[in-house]
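Below is one structure. I have some questions about it.
We just call them A, B, C and D in the order they show up, numbering each chain from 1.
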């Protein structure tokens, strides 16, 4: 899996002269959607299947400040997987140094807002995620 | 019409220690939706009628910087009105001093993305806007 | 302590028709700065004392979706306190129903980026936070 | 000059299922800073010289909606130049089709907030901008 890169933008900084902490949650989303694309389950495919995938929770540990125009490398890993839930871990580095670590947990809902068993309904995708988890 | 108030938030500031200029476009939206609510054409009513109202253009003149925790008063005026287009003007002040002036232009589309004549379809609303314009 | 109120803005929603999850981290900041103001340690006082207070981590559990124009009530509680760290908990409700729960942890640094012992340097503020914690 | 590319992010969309209009102002900033970098007057150099360059005004005409995950190509042109003011024009396209056109105007201030004559103080930079203007 290729790292995702986000260059911090000027408008993402705040009065303390560094990247506002809320933006890391957005960088996680960018990296997650890129990760999904890489495992062949991009947004288009999700939509076609009528699946939405709300964020159930996020955590974020801020280790070092970043600022414009830093380039953040983001690595995504599958850290938890059940038929109903997917947990991802994010490691963000600037020039090899960790600046932030985060996690997010997701469920999968069908057109009617009902939980979907990934394992049953999308066995191929589930197997891919399992492989990623075991790496 | 009552002024709309927006307190600048910490996360709306940038590295230059002041409110990032893009946020004023958002403040204009807040004030506009509040204005629509005040003339009795709030978001709910719009939605019920199946109308969407995309922004056609915006302009924004930045006069003085603001920053957290300034409170900005925003006055909205109807500056142009045709059956197909609505133009609004915004005056933003902090303690009576102008900090920003903006305009926005809007069209109105029906469920199928076709232009709607406000005057024909919503004569009451159109009349209200005309009255506001002439004030 | 008074609840803080945030009305979800149109620009805070996303394609899934609800408040984008990253914005709750921003609402937490709004409520936190309001809380600090209420205990008499607002931003101005902090700045005068040359103290900055970076966010060390955040967690956020999303319970129910919200959307424009919901009004979210946010209650802030002190959930942890040591001379070097402050932990806050946030309960967000819409019409009495919990929509989101979050936490944030903060350290305090002086002009030179060195950790400050709140207890030693600002005993009054520390005592106030302790009282809040025990409530 | 190379076009700047911005991929619309999920969190940049809104309830109307498309990119929120305020974000185009941010894309303009991204493209502008990249343009400055390309003419050899990047942020670092600006800062070293103690110059800040506030936005005086912006205009934005929205031609076609975009949404996640569209990739927007942004071309920046010098459309006006005096010793005290720089005006830039932006053309944003998706797959060759114009989606948005914008302008921004900038002044240049020194460490004390006093206007700087670009032509006098940075003749090389001024000449570069003039050449860009005449292209």
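Rule of thumb we're sticking to: a residue touches a chain if its C-beta (ideal position, glycine included) is under 8 Å from a C-beta of that chain, and two chains touch if they have at least 3 such contacts.
Being a predicted model, the structure only gives us computed values, none of them experimental.
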item	value
Duplicate of the A-B contact set - from B-D, C-D or B-C, the pair where over half of the pairs recur	C-D
More contacts between chains, A-C or C-D	A-C
Chain centre separation in whole Å, for chain C relative to chain A (CA means)	24
Centre-of-Cα separation between chain D and chain A, whole angstrom	30
Chain C and chain D: spacing of chain centres that average the CA atoms, whole Å	35
Two or more partner chains touched - positions in chain C	10-11, 22, 26, 29, 68
Contact footprint of chain D on chain A as seen in their complex	9-11, 26, 29-30, 33, 43, 68-69
Of all residues in chain D, those that touch chain B in their complex	16, 21-23, 25-26, 29, 52, 54-62, 65
Chain B - residues contacting chain A, complex	10-11, 13-15, 17, 20, 22, 67-68
